[in-house]
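Order of writing sets the labels: A, B, C, D, E, F, G and H. Residues in every chain begin at 1.
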Amino acid sequence: MNIDHLKKLLEGVRQGKVKVEKALQELKTLPFEEIGCATIDHHRSLRQGAPETIFGEGKTAEQIIAIMRKMQDKKNNILVTRLERQKVPAIKRFFPKARYYPQARVLTLVNHPIKIIGRGLILVVCAGTSDIPVAEEAIITAQTMGNQVEHLYDVGVAGIHRLMSQKEKLMSAHVLIVVAGMEGALPSVVGGLVDRPVIAVPTSVGYGSNFGGITALLAMLNSCASGIAVVNIDNGYGAAHVASLINRL
Amino acid sequence: MNIDHLKKLLEGVRQGKVKVEKALQELKTLPFEEIGCATIDHHRSLRQGAPETIFGEGKTAEQIIAIMRKMQDKKNNILVTRLERQKVPAIKRFFPKARYYPQARVLTLVNHPIKIIGRGLILVVCAGTSDIPVAEEAIITAQTMGNQVEHLYDVGVAGIHRLMSQKEKLMSAHVLIVVAGMEGALPSVVGGLVDRPVIAVPTSVGYGSNFGGITALLAMLNSCASGIAVVNIDNGYGAAHVASLINRL
Amino acid sequence: MNIDHLKKLLEGVRQGKVKVEKALQELKTLPFEEIGCATIDHHRSLRQGAPETIFGEGKTAEQIIAIMRKMQDKKNNILVTRLERQKVPAIKRFFPKARYYPQARVLTLVNHPIKIIGRGLILVVCAGTSDIPVAEEAIITAQTMGNQVEHLYDVGVAGIHRLMSQKEKLMSAHVLIVVAGMEGALPSVVGGLVDRPVIAVPTSVGYGSNFGGITALLAMLNSCASGIAVVNIDNGYGAAHVASLINRL
Amino acid sequence: MNIDHLKKLLEGVRQGKVKVEKALQELKTLPFEEIGCATIDHHRSLRQGAPETIFGEGKTAEQIIAIMRKMQDKKNNILVTRLERQKVPAIKRFFPKARYYPQARVLTLVNHPIKIIGRGLILVVCAGTSDIPVAEEAIITAQTMGNQVEHLYDVGVAGIHRLMSQKEKLMSAHVLIVVAGMEGALPSVVGGLVDRPVIAVPTSVGYGSNFGGITALLAMLNSCASGIAVVNIDNGYGAAHVASLINRL
Amino acid sequence: MNIDHLKKLLEGVRQGKVKVEKALQELKTLPFEEIGCATIDHHRSLRQGAPETIFGEGKTAEQIIAIMRKMQDKKNNILVTRLERQKVPAIKRFFPKARYYPQARVLTLVNHPIKIIGRGLILVVCAGTSDIPVAEEAIITAQTMGNQVEHLYDVGVAGIHRLMSQKEKLMSAHVLIVVAGMEGALPSVVGGLVDRPVIAVPTSVGYGSNFGGITALLAMLNSCASGIAVVNIDNGYGAAHVASLINRL
Amino acid sequence: MNIDHLKKLLEGVRQGKVKVEKALQELKTLPFEEIGCATIDHHRSLRQGAPETIFGEGKTAEQIIAIMRKMQDKKNNILVTRLERQKVPAIKRFFPKARYYPQARVLTLVNHPIKIIGRGLILVVCAGTSDIPVAEEAIITAQTMGNQVEHLYDVGVAGIHRLMSQKEKLMSAHVLIVVAGMEGALPSVVGGLVDRPVIAVPTSVGYGSNFGGITALLAMLNSCASGIAVVNIDNGYGAAHVASLINRL
Amino acid sequence: MNIDHLKKLLEGVRQGKVKVEKALQELKTLPFEEIGCATIDHHRSLRQGAPETIFGEGKTAEQIIAIMRKMQDKKNNILVTRLERQKVPAIKRFFPKARYYPQARVLTLVNHPIKIIGRGLILVVCAGTSDIPVAEEAIITAQTMGNQVEHLYDVGVAGIHRLMSQKEKLMSAHVLIVVAGMEGALPSVVGGLVDRPVIAVPTSVGYGSNFGGITALLAMLNSCASGIAVVNIDNGYGAAHVASLINRL
Amino acid sequence: MNIDHLKKLLEGVRQGKVKVEKALQELKTLPFEEIGCATIDHHRSLRQGAPETIFGEGKTAEQIIAIMRKMQDKKNNILVTRLERQKVPAIKRFFPKARYYPQARVLTLVNHPIKIIGRGLILVVCAGTSDIPVAEEAIITAQTMGNQVEHLYDVGVAGIHRLMSQKEKLMSAHVLIVVAGMEGALPSVVGGLVDRPVIAVPTSVGYGSNFGGITALLAMLNSCASGIAVVNIDNGYGAAHVASLINRL
């Protein structure tokens, strides 16, 4: 039941064509979404600039193409994350304008120019070179969501002076995404240097008792610095999403 | 907005006192629960015989009494679980008809006689004497929810002949609740003997590498017998609740 | 020793051909199953419509064919679960009527039409598209066991209005199987909306700290909604089995 | 070496009183913090309205009083978290204006009126009554840090309609702090309803396989909703701190 | 149905007093235990010298006394394990001959002299002084079950020469029980020195990442020495029980 | 320093060629193994019938052949465990008499006929067909170590009557090796039926929350039956080794 | 057999009073420790300055006094760790010169002045005030073992400038002991600043998902800085012991 | 800003060419590392003999070659760890003098002869043959860092006499690296025999409940011997690094 239908029903009541009891009955049983949740969807359509997102892992190229074609109708920008390289050529045959970032394993299809709607700079900081793929996923996601993004690489805690020498850049950021594997100590140090929200992303980089990123995850949750919140292991996309929401406020 | 209000609104429309647009506006923004969820609550009130339940752990006697007094207005039966003994006297001063079962740590207040609405027998089976408190919580809950309940105690897998000698009783049950700690093997054996749904309840009984019931929980989830579903450790109440829903179908 | 043999023995005693002592001796030492468990097997043979089931994982096509040929003698329907696609052609050469469901990784061989013996509707609800294989395993199992089955897909908790709009379908079910990976929250929401038993199936869908389904499993065991029991991770078959037993009561 | 000293040194060089080599030597060995980190401290002192915070757990009343007396010299507001009730009277003897919130286990000492510097509303949402202490810690922290704060209690996922009926309040918030124990599903549902950053706080409320909050923590990290970041178990203070930083941007 | 009854039934058949069909019916439904399991109990009564055992933890003195009084009728020896000291006086009032071993937390009641039925020596080896309570539980259990028992204390792996100097005693044992906490390395070293079965008992002695004995348990299960089998943490009784069964072969 | 050298030294002292002080000095510093441990090796060589064992996993065919050639000089029987099939042909070229058991992944080279030195029967019991490889490893190991071995397959706890019907065979065994995956309940049931030592072997068979055998391992360690000791997951060889030591006593 | 006895034996051989064969026999069977391990003990007695150590946890005051009295005979210095305060008065009655350090829970009895035998400075660095007890245990242990010890407190990673300002002190140390709880990041930063061995001590300080120090332990093991080795949680004694061994080289 | 620049600035001030305010401004904002951390780098360049190290895992041959070429400019020796064999030929084409150690998976490029700067012997001890790759990584690392290194292989705790016979070699070492998988007991025994620092390296060798080295790691952390510190699983490089730092003191 959409709003037109609802209007017609009320008109029927007004004109005496529809009995009050019958209208009451229909209103009582009308499915939830047709009134209440229409608002939600409308609200969502107001979020201009936000790309439609597809989680590529575990989907075939054909499935991804099918979803992209549906999305294409709305002319929104599209972001595909966790996309293995071998699926890209098939997708590009259908969407020649699509662009693939192999390190980040992300594909974007920009149907209309991305408008910067984020209020400040999102800075992506990362410790080791092995953390860069996760950092890149965050960067491209944040850019596609309409943010100005910069990065600071190779500033691990075991060479603290390299980080310290970048204090001004750190302080220029509105929101920081800090990516680290191994012992996951970088967000604590960064969080102690800035007065901005820090989104910490543990990565599965490491070996031995790293447990695929659990060590870094736990370290970040237990940080002695305040102002830090954590997303799931290797979840560069999720960090960029929450950072974008923050940056739009 | 309750149904009376809704009726009045529609009458206003019919009589021309309320404009269609105004009614439309009001209907579009009316809070969800006032239409959609009225149904839910109504539906819930149809569940005759179901007691109101209070989880007693971590609440003071005063808090429990306050909640019970509110419930009392609806004249429903009341069930308080996880109730430490020392809180009982204070409660009994307010509700002299309340009855406390110390082993199960459960208190009941029966305001109207419990009607048997379950279709068959719920049989509570338990291995060792240390599992009995959890079994008793399940028994009293199931009884209070309107089921015929019997039990079979001390039929552990290390003395399998005692269990085997009760095969007929096992087979007479409609639904079985099987409570076991330590290695948690009893549901597997019972599940292989009957063709009825078995709700398995791991208990925290054990020591060493029992891990407060995790061993029994894992064993039950990994049972080689089919027809078994599991609830949380020591959750006799939860097992009885789901068994009651099954028994009413 | 089957019942015919037992009868013959007693006849021999009656006719004086067999001495009482000899009969006594034979009875005392007869293996357990030949008396006591004959009942079980007889009982089991009463379960019409239940298919014979083979767990396909870790068995070669040849082993599966051999088991199916034995089962075939009894003319029961056959269900093979966890069957990798590459084993199917070899099986189909022997059993051309067999049908394979690739997404569910299930093969059925229907020797006699499936009779609906379940009393109500089993509804299989599932959150994300990645959970569908487990849901499909549950659906085909439940159908083959003689139940009317419907499903509700793509109703995850992060888009709660889609689920809410299906409240009536949810409430029409006799038993619900709710399949979810990631944070495993769907059974809690569904369990709060219906007054029917909910069998929750955690899936191994997720990444990072999902731990192959442990997160969803723990969430379901710790659900704040009552009326929920849980089966093992990805165990669509087990959920359908217990749901079938419930639906037959 | 503060800036005055540095200026004097350069003046000395200019006037020829200090040799270049000597100045060079002094500059090379000057301790880090005296130049570089002065900026930090200065920067920190710019954060008006931020209270000085003491983590009370494991400190004696005497230790807390000693720290508060030092802080008092700067006339900042003071927040003591995780403060057991029995330490309060001793503290109040020294600081009669201090106010203790027993449920939140937080003490505040407001030396100058708190100025609202947060840009929007921080909404603290919480599922069960047992989660309220953590929610209260978040509320008082956020208020003391200069935010307008409201709350929404008892809106658990097992009674989803209560949450749905508050959709407008949810959408009015700038930042949301969602507190939940047990299966930790609430942030997923809330995160799907709003387009604002959600800070999720798992609590140690639960039993059985809840593992002191690990289940809720994992569920939140694995949420299928985007826009969620997580802090440590029971860390209401930490959630409020990061929410405050977000709200000031 | 005992054997007399069975004989009578067959006689009835022989004499034509009982119809074959009726006898058949009775035989088909006779409960399992009355034939099959009689053998088990008879067999068990052959185990002379084995004491009746009560697990004392979580039982009140009254419950223990009640069980002991029943056992007393059969005049067997009695062993109570995990018995807290404060329950002893009450028990001794009823059973003045009972003897309590405070370190082992074991009580014995010897109604008839213990006959040595074990074939060789059981040697209990233990590393640190903190492991002695578990070792003592094993010693008294093994003695009460009719074995010759000796012990070797304070021979930890960090002072390997003390162990090496006892090689002859080690080699004189028939079965060895090796008790160790912390890193649980002792069974590996002992297992490499002897050609006898070693029952390893991890203890919960340790701190930090010892995890209440898990570290020792895992080390023992992963021993590079062959000939080692493991019982649960702190389970001195269980080790002695299996060692006794071995020693009787 | 071997015994000949020692003798020569003492002769030198006797003949006055070697000073007492010099002999004393040499004796004080002589390496441990040359006196003390000679005994050990001698002792070991007394263990007739015991095969030399090679753990094949992680070794190349060439490495295995090299070790076998050295062993061959002593003319002992040889047992290679955890041997992948593809390494077998290369080994057989060198040792044509070697025999490979593909299911058990074991290779034997019998240089002299195996003498039965075990005193009784070792019975290997196993629940599901997937546990058979581990059971076979145990069987071949035990046979090669000089034991009479029988087995009982497919007697899982979910079909308890099949196990019960084999009670006499169970009771005929001297030592039992019970192999089970999934919930690992079989040793508890068997341990309750016999009065012989039971060596329990958890297998990694299972899925979902089985954790590669941890569930079965924990269940076995927490068995409510006495007389059970446990070896590591899938360690059929280890179980047979300890069972052989027991069987030789 | 001590050295005197050995000498007498060799004299007997020299004088022809003892046959070579008899001497050979006696030497072959002499217990290990009497020759080989005398060297060890002798070697140990060379370790001047090392105190005798008693682990106080789980020992009664009486047991500790008994051990101290035996040690006292050798006139060594004595160190008692993990000593609860309430046991101290009883010990002091016997040993009035003993000194107790309540924060470190350590008691020392200095019978002869401690000689500095360590070659350089041991620097104990610690992050938060709650880590100080563990740091103090390390300091007193290291001092008692003859080292010059200094400390650096309150230099956590969230306020990195305080640590940076102490770079020269850090670089002056020979060996560093770095104590940290929570996320355990401090050793990584320190290890990146110095070229000396760092012994990292995780503490159980923290809450939520800290798991009693596991988070800090894992972080330290996974440090991205080289030159770090780790001891068990809260093991200040162990860190000081290994640092002392290093400092003596 | 390097020192030359700083000198020039001060000269400018002295000559009146640069205003004090301008110099002050420049000094206040100069990046940290250019003064403070220059010292660090200078200090590092003093560490003669230390090779530049590349962690090879997860890097392509091309990436490794690029890093090596940069390093080559400084003419330092180079060490590449965790290098898979298939990447070696490409690297050797660029660096024909490079040498690959396949077992240790290490590549070295020795540009100038390694000078022994370690003060004593580093002894690498290892239990089983499967631990040798980790031991070799430690050996080559320690040699390349300028130490005299020896090793002792195949001295596991289950054959303790082989270890005991090498006591003198053990005692000759300055620092010991002890490598062990499975139950990880070797460091405890070695630590009890020597008075030197022991760096323990757990390996992922084992199966069943070994958990990829966790069992060995925990055992080593919980060692009853003092003087042991632990590095991460399989981290031969890390052990050699810290041992080298110790050996240089």
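In this text, a residue touches a chain if its C-beta (ideal position, glycine included) is under 8 Å from a C-beta of that chain, and two chains touch if they have at least 3 such contacts.
All figures in this text were calculated on a predicted structure; none of them were measured in a lab.
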item: Chain labels contacting chain A and also chain E; value: B, C, G, H
item: Pair exhibiting more inter-chain C-beta contacts, B-C or D-G; value: B-C
item: Listed chain pair B-C, F-G or E-H that repeats interface A-B [over half of contact pairs the same by residue number]; value: F-G
item: Interface residue overlap between copies chain E and chain H, same or different (over half shared); value: same
item: Centroid distance [mean C-alpha coordinates] between chain H and chain C, Å; value: 56
item: Distance between the centres, which are taken as Cα means, of chain F and chain E, whole angstrom; value: 25
item: For chain C paired with chain F, centre-to-centre distance based on mean C-alpha positions, whole Å; value: 39
item: Multi-partner residues of chain E (at least 2 other chains); value: 32, 36, 40, 164, 167, 193, 208-209, 214, 217, 221-222, 226, 232
item: Chain pairs that touch, as defined at the top of this document; value: A-B, A-C, A-D, A-G, A-H, B-C, B-D, B-E, B-F, C-D, C-E, C-F, D-G, D-H, E-F, E-G, E-H, F-G, F-H, G-H
item: For the chain E and chain B complex, residues of the former touching the latter; value: 31-34, 36-37, 40, 57-58, 204, 213-214, 217, 232-235
item: Complex contact set, residues of chain E against chain H; value: 127-128, 156-160, 164, 182-185, 188-189, 191-193, 206, 208-211, 214-216, 218-226
item: Chain A to chain D touching residues, read off their complex; value: 36, 39-40, 43-44, 47, 53, 119-120, 164, 167, 171, 174-175, 193, 195-199, 217, 221-222, 226-232, 237-239, 241-242, 245-247, 249
item: Of chain D, residues touching chain H in the complex; value: 3, 6-7, 10-11, 13-14, 16, 20, 23-24, 27-28, 30, 32, 35-36, 39
item: Interface residues, chain G side, partner chain D - complex; value: 130, 161-162, 164-165, 167, 205, 207-210
